[in-house]
């Protein structure tokens, strides 16, 4: 009985993130458009895009291999699993212990790994640009992420997300320097990982400085749809990650009372909204940077993370 | 009597050292050969005296060997060789006579120090003899390293051998086998040298070791 | 019992070597010998596993050979059993691979005889229980592998590689010899048992540690002693490269663990600082070197350097914890290191096999001349992909598990009292994470340029799938990678006796945990379940595919690549290995390798293409080895004049020696 | 029976020498040369089963027993090798029949001299024997009568005779030291008597004596800086003689030095001979190791490697102690077997390549696989790699030294490594790569090489207890 209940809750979580992802992207786009004094596309435009893409044929490059066709599913699966393991409205999900924060980071890493391979598969110059830049960004973003994980894990005494967010919610946390550093670093990493401005521009194609879009240039139809969905999921994942770690309020701990869960969901959606607004504000207020300034940006993130970890190592009071 | 015996032995051995120094002083091959003959004669005398003192008759043989071979045969033979090969009569030295003499003095002093420090309870006769013998050996070696001609090197080598003989005879009651082997080896040594000089004559125009040394396996 | 089985197997291998020499010219001798090697190593593997999993009682044995008053002491305990298993697994798959691969060998008579001898050497090293036997087998192993490295001796680079290899190997051996000399003391207590019993002074102990770090490190490839590795490993035939990279370096790790954890006295805290520093530098330098390569096998060799660094990070942490009495954490770190030893031996052999398959069918090691092989050799491409994913530490494969455990061990280290470690360990963690990310980047390059894209040369176009044996060998390893990735608990439990033997504490039994997950400390703290992650990914992936194909379209058209509207560009417009690495080279290489890029543009009226030349400097070589060689050359030249003195001058030497000695006497009293 | 054995060891070579001096035919001479050395080997072996009691002139104990057998064994195998080698030299006309006759006679004289030196109980007799051996080898080095050969022989002769002289002086001094204790006459030169009474000798006199003996016999051993004759003599003489020189004569000289070291070891007041030997040994080792780099002549290179190993051996004996002494003895045996085997191989290589210049050799394993791999195996052995005998001895030397004198061990290891690097640098260009230089069919006699390397290989993994027993007792004697 309890098992079934937990299963359902886990399922709800998975579906929730899956369904919210396009909406969130649509929301961010809408807000950005508003900030730019445009009306912008309707909120649910991403859903339409998905359906449209899914209906279309796949136009596959002659030189594409079987791997090219498998990768979208791999990427989507990896991202979805990762996203479904991040507590959104309730901690202590049934399978939450099956992967801790390090594993989640690694799952996203494997998604990126395969995406980069896809960029190289067709053998075009744009794909090459995309993946080589992507791995360069990742090679700095991932260690930064690990450092952040270290900091939080050392504060919470665990790399288990449920435990961590529970601890964060508890008054034992207090205000810490290392937490602040970690938060800033995490936001920077999140921006880089999701190819947002100023690292990359998700809204453009024909620009030599693009990264993510260049990788997936050869994709079309359902493959493209899956990859888009995966990237939206990733965005939601990061937002909810930040939320559950730094704004762990309203997350139902382990109970199963429906009202509590509903409250949790509501809180979660509210957090998403806030996050979306902030993201849109940030993106509209800043210009994209040159690709070779990205290392400095991410290097800063890495340094912040390392600094936070060092502080934690040297003394528990920071 | 013993005192006198000691003095005479001392005198002879000392004069041997003196002659070695004389050899160092020479700068003509013929003169060098003559001095070497003198060296051998003094050696023979000293050996004979030892034979008399230790009344060890077998030492007379050694004395005779010294007298015949070293004092006569060898110098004459070398004389011949020099004439035959038309060797340059000068002795090319590495360092000047003065420095060589100084070095010789230093070596004698060293020999004294080493030896006199040693055999305190041994009888003074043997002790003095050893000291002188060592200095003769060192002087012979010095001569070999400061002279360029093959002949003068040979001479240096042989005066070194003389020093050995002096030491051997000074060693009281040392079995005959040794002296004979010494003479024997020197004989062989000399034959071989002769052979080599002739072989070399076939190949080279001079027996100057310096030039000999220019043919070296690595210089291909 | 198991020990004698293993010994018989070693003897059989030596016999096979002799046999191979005797009928070197006979037809099919290669296949015969390799098949026999496979069977023998399989038996030996069975023996090792039986000991590791079932009997678990140390067995000792003394043969009346070796040093007369000592005899050859041999021992099979948990540690040696584990490494014996690693050796035999690698050897078995390599033999299987070689049954097919050996047919392409140009000069088999230079490879076949040494191969079994090499295997025997490695087997004996892990079984040895006294200093003499250990060093004898150790150097024998180096010698036979040297012979294998120079088997293609007509290529001058190979001979040079072998030379440098042999030099570094005997340098390491001499260092180990000195270490044993210290442990054995002046009256020669050479058996390991005696060494365990006698505990030398702390100063001696420190010296022993440094010597062992040099000795085992030069074999394992720790920076800066790694120079031979990227030269020698690629030079050898691929199945041998796999053995050298995947297995022999592990034998070196065995030597380190055996001496430092088992024989030397109790560790002092600063040991781990030395080891961790070296290991951290090794890890990052290794992967950075690898990123700069476009020779496939050399790239793999450099990754061996990186992974050795990861292993030594684990060992260093284990020492740190052990010296502070945190036995549990020490057990965790040690287990992480040993698990990575096992994992690396799996996927590195797999990758070298793949490189070998590519080499045989295309004759190319240079990635710039490859590409698009996934179409011509799909199965090889598939298993190679698994290998790449595993070495890049992607879940749910085995590489991730061991790195995850290492991270967990790092997360335990704030409780270390020493300040040096407090400051060092987080930096090491950062280096580890950095190298993991860079490794992923590097293997995107390796796989993408070699197997994906369009063929860059005729050889790559006409490539064909490799033979059955080679594929079989790679499949075995790939499936083991997956197995060790989704069921890590089994392997961790198998390592428990080792850590309890070396540290006196071991990780909790994992098999009991729910859903076969692994829980190193406590579930509330951290846990990972490869099986579930694998199942989830498979489920959601297939689910998505199913839903889309059912509800939406599953139609597909082939068309020329879009590429932003540039029609059918030539194959040279693809990204090459060099251009792929350019961003990372700009970020890291300019500092580490003083990388310079120069573009020479043709003048306007000239139609020649512009050329981009990249110049790299190897800091280790330029700052350490080149000066050393130069110095030796200078001294040799100076002394060489002594060959050309005249007789008189030689006499002067004698004379001076005499005078000097006499003076010494005169001044003695 | 026992006396017959001694008579055989000495008499057979002497008679054979006389015979060969008269025997014109080369083939018969070569065959009977083998036969004679073979008989000598049998006699020397029989010495083990019945040791003659020490006489005034002859002594057979554990120390020289092994050496005698080793000498006659290597002499035997070398005679087999020289049969094919000299045959080739006659064909190409580098030697003429009269010289070959001379060669065989001298070969037996050399054997006689070395056996005499080994079993002599009288230090004077020992001296005579060693000088005889030296002069014989001088003759044989000069046998080719080329510029280089004569120059080498001349150099050898001059330096050798100076060594002779110094050694004799040392011997006399020992007698002087012994006389007051033992009394005048023969006994004062009988080693077995000396060693029992040496404790009472005048220490200072012993010191001086040892200095002279060290230099005198050290010249024969080839210790730097007294080594100058050795490389050229090895390079310019016929290869069998190089083999005998490196394999045996150096050992014999070292053996003589050891006898006197034992005397000093008995006398507590005398200076420890150890430091002197250790210093000279290390100097020779490092010096020779560096000299290996610039060698262009293959035989000269291996001659330098002999200097290197003599340095190691002297170092080991200088260190003393049961382990180091054992290692020294083992190293001595292994080195003479290995080095002579290497010279056998090198001799044939030089013949098939028609030159001794390393630059003109190449790809030997391609053109002459057996020869090439034998040479490689030999170099591996001489470089102290397992599973060959020298590894065992080097293992013992280094490990036993490091615990006692780390600094020395470091120098030792450094020298070994430098020499190792040089040897393999040259080996690579000789054995591997594209085939270079002329290469005619090898008419080699592989038996001697295989025999030697086989023994070295066996010794690397298993030492027969009997041998170990002798070595251990000797190691104790050496103190």
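Should a chain be cited, it is by its letter among A, B, C and D, assigned in written order, with residues numbered from 1 in that chain.
Note that a residue touches a chain if its C-beta (ideal position, glycine included) is under 8 Å from a C-beta of that chain, and two chains touch if they have at least 3 such contacts.
All values derive from a computational prediction rather than experimental measurement.
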| item | value |
| --- | --- |
| Most distant chain from chain D by Cα centroid | A |
| Middle chain, criterion being Cα centroid separation | C |
| B-C or B-D - the one linked by more C-beta pairs in contact | B-D |
| Centre-of-Cα separation between chain D and chain A, whole angstrom | 78 |
| Between chain B and chain D, centroid-to-centroid distance (C-alpha), Å | 31 |
| Whole-Å gap between the CA centroids of chain B and chain C | 69 |
| Chain A-chain B separation of Cα centroids, rounded to whole Å | 100 |
| Set of chain A residues in contact with two or more other chains | none |
| Residues of chain B touching at least two other chains | 114, 117, 141, 144, 153, 209, 212-213, 216, 218 |
| Per-residue overlap in chain C, given as positions that touch at least 2 other chains | 643, 645, 647, 651, 654, 658, 662, 665, 669 |
| Interchain pairs in contact, sorted by label | A-C, B-C, B-D, C-D |
| Chain B - residues contacting chain D, complex | 114-115, 117-122, 126, 130, 133-134, 137, 141, 144, 153, 157, 160-161, 163-164, 167-168, 171-175, 177-178, 181-182, 184-185, 188-189, 192-193, 196, 199-200, 203, 209, 212-213, 215-218, 220 |
| Of chain D, residues touching chain B in the complex | 122, 124-125, 127-128, 131, 135, 138-139, 142, 145, 147-148, 150-155, 157-158, 161-162, 164-166, 168-169, 171-173, 175-176, 179-180, 184-186, 188-189, 202, 204-205, 207-208, 231-232, 235-236, 295-297, 300, 357 |
| In the complex, chain C residues that touch chain A | 371-372, 374-375, 378, 381, 385, 389, 392-395, 400, 404, 407-408, 410-411, 413-414, 419, 422-423, 425-427, 429-430, 433-434, 436-438, 440-441, 443-445, 447-449, 452-454, 515, 517, 523-529, 532-533, 536-538, 540-542, 544-545, 548, 551-564, 566, 569, 571, 573-575, 579-584, 586-587 |
| Interfacial residue positions of chain C with respect to chain D in the complex | 64-69, 131-132, 135-137, 139-140, 143, 150, 153-154, 156, 159-160, 162-163, 166-167, 170-171, 174, 177-178, 180-182, 184-188, 190, 207, 632-633, 635-637, 639-640, 642-643, 645, 647, 650-651, 653-654, 657-658, 661-662, 665, 668-669 |
| Residues of chain C touching chain B in the complex | 643-648, 651-652, 654-655, 658-659, 662-663, 665-666, 669 |
